[in-house]
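In the two complexes below, chain A is the common chain; its partner is chain B in one and chain C in the other.
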Partner chain A sequence: MAVGQRTPDDASAPAQGWGLNTWDSPWLNFKFLLGAGIVLLILLFGLVGPFFWDTDLAYTGAGPLNKPPVWAEGGLPEHPLGTESNGRDMLAQLILATPSSLKVGFLAAIIGMGIGMALGSVAGYVGGWWDHVIRTLSDSAVTIPALVVLVVIASYVQMTDTTAMALILALFAWPGPTRLVRSQVLTLRERSYVRMAHLSGASALEIMFVEMLPNMLPWLAASLTGGISAAILGATGLEVLGLGPTRVPSLGLIINQATTNAALVRGLVWWWLPPIIILMVIFVGFFLMTIGLDEIANPRIRQFSSTRRERTAAGELPPVEPVEDGTAGEEEAALEVDDLHVHYFTPRGEVIAANGVNFSVRKGEILGLVGESGCGKTTVAMAILQVVQPPGRIVQGAVRIEERDLVSLSGRDLRRVRWRDLALVPQGAMNSLNPVTPIREQMADAILAHENIGRAELEQRILNLLNDVGLPERVIDMFPHELSGGMKQRVCIAMSIALNPQVIIADEPTSALDVVVQRVVAQTLLEVKERLGVSMVMIGHDMGLQAQLVDRIAVMYAGNLVEVAPVESAFAEPLHPYTQLLIESIPSIRERKPLNVTEGLTHDLRDPPPGCIFQFRCKHVERICRERRPELVERDDDHLVACWLYEPERHSLIELEEA
Partner chain B sequence: MRGLTKEYVLQRFLMYLLTIWLGSTLIFVIPRLAPGDPVSEMVGRLSLDAGYIENADKLIASWKARFGLDAPIHVQYFRYWGNVFRLNFGYSLSHFPTEAWSMVSRALPWSLGLLTVATVLSFSIGVTVGSLMGWRRTPRWLQMILPSSLAFTAIPYFMFGIMLIYLVAFELDWLPATGAYSRRVDPGWNLPFIKNMLSHAILPVVSIVLTSMGGWALGMRGLMISVNNEDYFLLAQVKGLSPARIFFRYGVRNAILPALTALALGLGGLISGSILVEFIFAYPGTGYTLYQAIISQDYTVTQAIANLIILVTATSVFLLDLLYPFIDPRITYKRTMR
Partner chain C sequence: MTQPGKAEPLLRIRDATMEFGGGFLSSQPPLVALDSFSLDLHESPAQITTIAGESGSGKTTLANLVLGFISPTQGQILYKGVDLSQLDRKQRLTYRQEVQAIFQDPYDVFNPFFRIQHTFNLVMRHFALAQDKLERRELIEDALNVVGLRGDEILEKYPHQLSGGQRQRVMVARAYLLRPRLIVADEPVSAVDASLRAMILDIMLRLRDEHGISFLYITHDLSTAYQIGDNMIVLFQGITAETGDTGQIIQNPQHPYVQELINSIPVPDPKIKWDTDIRLPAEETMRSQNAEGAPRGCRFYQRCPHRMDICLENQPPLIPVEGQHAVACYLYES
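Now for the complex of A and B:
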C-alpha cells in the first residue's frame, strides 16, 4: 500500500480504532475512576479533618483510657471513635496519621519513578554497555526482599520523619519503573512515527518526551499507582514493626501500639481495626486504579471484558438464519459459501464485514479471493473455518462441504469436520506454530484428534508429510524458532494435508516471506494440490501471484463480491470497474507487487450506501448505481459480475420504478 | 541447542552473585552512610530507656572495638564479606553464648515450610483461576464466580492475618492464634505434634494465600487473553483439537512462562510480606526472629538473618532460572537454521 493512503482499519480488527472519540475515551475506565475517587476521599479525610477536629487530642493523656466508640456502651460523644490505653483520641490520631502514610507512598514512588524513567530511557535508547549494566542491576535489585533490608537499615538509623523514610523506600521503588520504561522504549523505538521523528533530526530528549511519553502514559501511571501502594506497604510494615518514626502518628504505628498492648486479646477492636480499615481502603483504591490503568494500557484486556459484557447483555446468541439451498445447481462443488453475512458488533456500531457473500469452489480447483486489506476477505476465511473472533459473528448464511452446513454445527460435530474436511494454511506461519512445542507434537495432535493410530505409524506419517513438502526429517524434532520463515510455512502446508482434506484455505500463504522463498512455497502448494487433487481457496492481495496460481478469481470490495471469473477472462477482460482498477495497477504480470490502488475505501463500513458499493470510486457511476444494489449475475461464460454497466435494461428499470 | 547451555548457566550464576552482593552491601553501606553509627545509636537508645548511662563514651569505644567498627571502612567491608561467606556472624548479643548462626538455623525450617506451602498454593490456585478467567470457553457460571476469588487481592497479608486472628482465633476460637506449636505437645515425628503444628500453620498460610493469589490470577488472565489472540491458538481451534487440549497445551502452556518469570521476580516481595505475617502470628521463623533480634538490639543476629534471607531468596530465583530453559526452549537458543 502506498504511504499516506487512507485505509480503514482491517475489518477483522475493529478494536484498533476505539477510543478516538472523546465519549469513549479509554481513560473513562470505571475501575480507574472508582479507585481514584476512593484515594481522593481518603486524602480529603486527612486534609480537611484538622479543620473539624482538634488534633491535639491525638497525644497521650488527652482523654480517659480505653473508651469505646460513641455508639457502643460506655462511649463518650467527645471521643466519637473512642480512646486507647494512653487516653489518645482515635479520630484525632487517624486524621493525623492518614496523610503522613499517603505522603510517604507518593514521595517514594515519585522518586523511584523519576530514577526509573532516567535509567530506563538511557538503557533503552543508548543500549549497549549501559543497557547491560542497568538491566542487570535492576533485574537483580528487583528480587531482593526489600523489607529485610529496610528493617535492618531502620534498626540502625532512627528515622525521625517521613521524608527520611520515603528516601530510604525509594531505594526499592526504582527497579520496576526502570524495567518498564526500558522495554517500552525498546518497543516504541521500532514504531514508524518514532523512526520518522528520528530521521527528521529530532533530539533523543524530544523523541522521548514528544513521541514516546504520551504512548507510555497508561503504563507509567499503572506503574506509579502500583509503586505508591508498594511504598505505603513498605512504610506501614516498618511502622507496624515499630521501626518507623515514633513521634509522628502513622497508621502503622497505631497498629503497632495496639498489637504490642494486646488490643486484640483485650477486645479493644476500635483501637486496631480503624487504621487497618483505612489502609485497606487505600490499598483497594490504588489497586483498582492499577488494574484500571492496565486495561487502559492493554486494549486486548479491555476488548475481552467488553465482548464478555456485551454477550452477557445480549443473552444467548440468536440462531443463524438458515438459507434455502438455492445454489444446489452447482455440481461438483467441494465448498459452497452461501449468502454469508458477518458483522462485528463494536461499541460504535455494527461493522458489516461480509455482506451476502456467495461462491463455490469446484473439486480440484484453486479459487483466488482477492481485494485490498480490510475488504473482508480474511473475515470470509475465518467464517468458513467457523473461527470468527468476537465481537464478530456470522449473522446469516451457510458454508457447505458435502451437503453439510458448518455454520449449524457446533462442539464435537464441528471438531470432527475440522481439519479432516477443511484445513488451513495460515497467514502468519511465523506465529502460527506453538513456539514451545516441537514440530512432531504439533503435527501429531492434528492427526490424533481425528484418527487412532499407533506411535510408529504416526511417526512415519509425519516424516512422509515433511518429505512431501521437501523438508528434511530432522525437522520433526525441532522447535519453530529453529526454522526459517519458509520452512515454517512448509511445515504448515505439511500439516494441512495430514488428513487429506477436501478443502484447504490458504490465507495469504506467502505474504510474510521474501520473494525467493515465496516462489518455493507457492510451488510447494501447487505440487501438493496437483498430487492430492484438493480444492483450495487462496486468499491474497497480490494479483500477480494470483494470476499464476489460481483457476478462478473472486474479487471482493467492502464486504461484497463484485466479480467471479475464470482467471484468464478476468485478466483478459475484467468487467467490474474495481477489477479493472486492480489489474491496471499491476505494472507487469511477471512482476509481483501488492495492490497499488490510488484510493482506499470511501464509505463507512458501518453504514454502506444504498446502491452500488463502489459508487464513490467508480468512473462510470450512473443514477441507478446510487439507488439499487447490482446483483452478482452471470454476464459471460462462467463470468459473474455485480455491476449495472452490463445490464442493458438498466434505464428502463429505473424508469419503471419511477412510474 | 536446547536445555541448559554453559553460557546461560554462567550468566545466571553471575546474576545470582550480583544479587547477593547488592543486598548484603546495601545492608552494610546504608547504615554507615547515615549520620551517627550503630553503636552510638544503640547506646543512645539504651540511655533513653535507662535514663542515664555511666561512661557512655567508654562504652561506645569498647563496643566499637569489639565489633571492629574502629577499623577503616574498607577493612570492615572485607571482614564483613569474609563473615558472609563463611556464614559466621559471631555470637548472639541477646542470647550469649549462642551463636547467631545457630539461632538463625533454628528459625529457618519454619519459614521455609510456611513460605513454600503458601507460595505453591497461592501460585497454583492463582494461575488456575486466572487461566479460566482469560479463556473464552470457560462456562458462564464459572466466569461469574471466579472474580470473587480476587476479593482480598489488594490487602496486605498481615492485615488480613490480624483480622483472621481476631475472628477465627479469638471470636470463634477455632484455631490457635500464635506460635508454631503448643507447649503441651512434644516436638518430634508423632501424630499429635504434627496435627498441632498444622493447626498453627493454617491461619498464616491462609492469610498469605488468600491475599496473594489474586495477583497471580490477574496476571495470568492478561497472559491468557494475549495467548487467545495468537495465531497458533486459532490454528489449534481450526485443527479440531478438543477444548481441553487447546486450553492446556496451547493456552496455559504458553501463558505460564511469563507467569513463572513473575514468580521469580515476586519472591522478594512475598518474603517481605511474610516477615510481617510471622510477626503478627508470633511464628518462630526467620521473620519473627529478625524482629526479636531488632527489638533486643541483637546486632549480629540481625545481620545473620538479613543475609540469610537474601541468600535464600537469590538461590530460589537462581533455581527457577535454571528450570526455565527446560520449559521454554527459546531461552537458550542462539542460531537460526536456514
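Now for the complex of A and C:
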C-alpha cells in the first residue's frame, strides 16, 4: 500500500543495492566455487576414468580374490584399489558406479525441478483453484515419509536401469521446487517491474521466463543442488537395501554387495569404505554449493556473517578524544552529539553517512532532524542509540547523556542506558511489536528488564502509561493485530516513556500513517513531552510536521549539518540555501505556486567534493565554496548555519590563503 | 457528467464494485474495496484527475481496475466505449498501449537483472513502434529528452547505477514512448524527496499541456494534488465521498470526512499551530468496516461530528452542491 512502504533511507541504502544488483560477480562465492570444484572432480573421475582403466574388469571377476589395495601388504599393481570376493576390480567398479549414482541424482532432481517449475508457476501465476489444488498436493506430499514409500514402490517395480530409479525418486523431488517456485512467483508478481512488463504487453510466458526466472535463479540453483544430494541419498539407500537396479553398478550396490558378503566382519575395508568416502565427498560438495548459493540468493546472510568481524573491529577503536565545541555548555543539554562520524564500509567504497555532526538537545525540547533520504539522519539516530548496523560503524565522535559517553560504554552498561535514559519510537510501529504477545506482556518486559516491581504496581503502571498516550485500558489485553496503525504507534510511545527516559529518539514516528491518524499520534507526542518534560529528537522529512512539532530544527545534507535554528526563525528566515529550498518546495494547500524544480543529490556519498557539500546545487556558489568547507557558526541569535554567504570576510580569507 | 453530443469518453467507469474474499467457502463476508464507483474521463482537454484517499480507501484497487490487473465484481469499465472484458485482440493492444502507468517505488520498477535498455526494448517489441534500429533509437532518445535525460547516459546502465530521480524519469519516458492517452500515476511522488517530487509533478504537467495526456493521479497527499490536479474524487472506504474541481474541494470541503482530512494536514508554518486537538471516537472502528456485516448507512457515521439518524439508514447518494461539486452527505440534501 502506498503509505506503508518504507523509503530506502540513508546511506545504509546498500542494503537494497546488494546481491542481485551487483550482478558483476555474485557467483564468485568461495563456498559455491569450492563445492562446484569438488563435484566436478568427482564427475571427472567417472567420466575420464574409462579412458585410462579397463572398466570391463568391473564385471569379469577374472582377478584374484580379496586382494587389498596396492599400498597394503599383498596388494597387486594391476588392481590398485584391490579386488573383492568375486575377484572383480574395485577401481573399475568405482569408475562405473560414481557417474551412475550422480546421474540418478541429477536426473531425479532435474525432473523434480521441471515439474516444480511448471506446477509452481501455474499455482503462483494463475492462482484460484489451480493454486488450491497444487498447494494441497505439494503440501501433503511433503508430509509423506519418502523412504518408506520408496521402499514399498521399489519392491514392486523391477528397475532395470538408472532412469527408472530416477523417475521413482522424482516422485519425491517435485514438492520442494513446487513450493519454492510458487512462493517466488507470488512475491515477484507483485513487484512493480513485473507489472510494468505486463503493461508493456508481455505474455504470461514471457513474464515468467524473462522477467521472473532470472531473479529466482540463485534460489532455484540452491534447491537443485539440495535436491541432487537428496536424490543420491535416496537412491543409495534403496541400492544398499538391494532394491535398486542390480545389473548397473552404483555406489549403493557396492555397499550392498559388501554387506551381503560380510565384508565388514572379514576386514575387507577396501570393499565398503571407498564408495562411502566418495558419497561423503559428493555430499560435502553439494552442501557447499547449496550454502554458497543461499548466500548468493540472500546477500544478507553474508552480511550477517561478517557482522562479528565488524563488531570486534569497532571494539578495537582508539579512545575518542573529547573535542571542544561551541554548542555545549551554554544551556543544560539532555543529549550531546559531538563530532560524530559514521562510515559504511561497502564493497564499493566507504560511504560517509555522518561527517562531524555536532548538536545538543536541550532539556524539555524537541529537536527536529530533517533532510532527504540518504542525508544521514537515520544513521545519526542509530548512532545515538549505538545500534549502527554493519557494514556501518562509528569511526569517531561521542554521544553524551549526563557526561557519559555512550560510544565508549560496554554492552551491558549500554543496555541499562537504553530505555532508561534513552528510548526509541521506531518507524513503522506495526513491525516493531511482537505479534504473538499481548500488549500487557510486551510492556511488562520492557519495565521488568530494568526495574523490579510487584505485579499490582506493574499493572497500574502499564494502565497509567496507556492512559498517558490516550489509549483505552482494554488495550492492555489486546494483541498488536487487533490495533490500528495509530494505536500501535501510541503503544510504542507508551513503551518508550515507561522508564521515564531523559531523551526519546523518534524515527519518522508518523511516516507510515494516514494524515488524520498522524495528527493524533503527533499530538500524543506533544502531550507526552509537555507532561513529562522529556527531550526528543524527531527525525523526519515532512517539513509541515516539523513546523507543527519541534522547537528547534537541524537540517542535514549529505552527512553534514548545514543549519540548526529555532523552528520559527528557520521557517521565517532560513539561512542556508538548502533549507530555503526545502521550505520553498513544501506543497501548500493554501496557494498554488509554480513548482520549484531542482536536481536531487548530485554527488556520490563515497566521494564528497572538497569545499561546501551543497556546492553542486547551490545558486550562490562562489570560489571559496568549492575550496573550503564552511563550518557551522552562529550567525544570528541561536541560529547556526554552515555557509560562506554569511561570512563577510570570505573574500579576504581566500586571498589570504593564496598569499 | 456525460456531455451529450460529444464522442464517447476515453474512460468510463459505471458503478464498478470490487469485492475481495468471501467466496462460498469463506465464512467471512467479502471486503468491499470499491463500492459503485463511477467516473467519466474525456480525451480532450487532457486533465489530471486526482483520486485521493487514505489507506483502505480503494484508490489502489481503482488503479488496478483501470489498468486491467483485476476485473470488477460488478459494473463496467469502458475504454472508448468498449468494456475492458469485451476487447478483441486488436482493441486490447491499443488499450494496453494507450493506458499506461507510473508506479510509486522508483527502486522496484526495474528488473535488477537487465540493463535500462530492456525496459524500452520490451515496449518497442510488443507494440512494434519502430521499423528499424535507427528509428527505435530515435524514438527512445526523443522520449528521454522529454524528461531531461540522454540515452548514452543511462541506457547501458543497470537500474542500481541510476539515482532515484533518473529511475522515476525513465519510467515516465517509457510511458511517454507509447504515446498514451491516459497515465495512471499511482503515488508517483510519495516515496521521493522534495526536489524530485517537484520534478516529477512538473513533467506530469508538461505531458498534460504539451502532449495532451490525461492522468489519473492516485495519491493520499492532497497538497500535491492541489498543486497540479484539475478534478478530484475523494474516496473513503470504497465510497466516493466528494467529487469536483480540485480547488473547490481543497478550499471549500463539504464532506465532514474531507474537512477532517484537510484540517489534519500539517501547516508548514510554526506560527500557525494545529487548532484544538482531535480525538478519534472509537478508533478501532476504522478497521471494522465489515466486522458486523456490511453497514447500510454512511461509512463515516462513527467518526462524523454531524451524524443524524438518517445517516444510519442508507449510504447517502452524491448530492450536487455547486456545478461539478458533489458530496455524499445528507447534510446537503435540500
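The criterion applied here is as follows: the second predicted complex is superposed on the first by the 607 of 659 C-alpha atoms of A that agree within 3 Å, B and C clash if a C-alpha of one lies under 4 Å from a C-alpha of the other, contacts with A are read in each partner's own complex, and residues count from 1 in each chain.
Quick note on the criterion: a contact is a pair of C-beta atoms (placed from the backbone, for glycine too) under 8 Å apart; a residue touches a chain by one contact, two chains touch by 3 or more.
As the structure is a computational prediction, the values presented were derived from the model and not from experiment.
Shared-chain residue A:Val516: touches chain C; no touch with chain B. Touched residues of chain A were counted for both chain B and chain C, and B has more of them. In the superposition on chain A, A:Ala456 makes contact with neither chain B nor chain C. Shared-chain residue A:Arg191: touches chain C; no touch with chain B. In the superposition on chain A, contact of A:Gly544 is made with chain C only, not with chain B. Shared-chain residue A:Thr136: touches chain B; no touch with chain C.
Contacts of A:Arg416 after superposition on the shared chain: chain B is touched, whereas chain C is not. In the superposition on chain A, the residues of chain A contacting both chain B and chain C are 482-484, 487. Residues of chain B touching chain A in their complex: 2, 15, 18-19, 22-23, 26-27, 30-31, 34, 36, 38, 41, 45, 134, 136, 140, 143, 153-156, 158-159, 162-163, 165-166, 170, 177, 218, 221-222, 225-226, 228-232, 234-242, 245, 249-250, 253-254, 257, 264-265, 267-269, 271-273, 275-276, 279-280, 290-291, 294-295, 297, 302-303, 305-306, 309-310, 313-314, 317, 327-330, 333, 336-338. Those residues of chain C that touch chain A in the shared complex are 54-55, 59-60, 67, 69, 93, 96-97, 100-101, 103-105, 107-114, 119, 122-123, 126-127, 158-160, 163-165, 171, 174, 186-187, 190-191, 193-199, 201-202, 205, 218-224, 226-228, 247, 250, 260-262, 264-271, 273-274, 277-280, 283-284, 286-287. Of all residues in chain A, only 1-5, 7-8, 16-17, 20-23, 191-202, 211, 214-215, 372-373, 470, 482-484, 486-487, 514-520, 522-523, 541-545, 547-548, 567-568, 571, 581-583, 585-589, 592-593, 595-601 touch chain C in the complex they form. Those residues of chain A lying in contact with chain B across their complex are 136-137, 139-149, 151-153, 155-158, 168, 171, 229-230, 233-234, 236-237, 240-243, 255, 259, 264-265, 269, 272, 276, 279-280, 283-284, 286-288, 291, 294, 298, 300-301, 304, 308, 312, 385, 387, 389-390, 414-420, 422-424, 426-428, 431-437, 441, 445-446, 449-450, 478-479, 481-484, 487, 492, 495.
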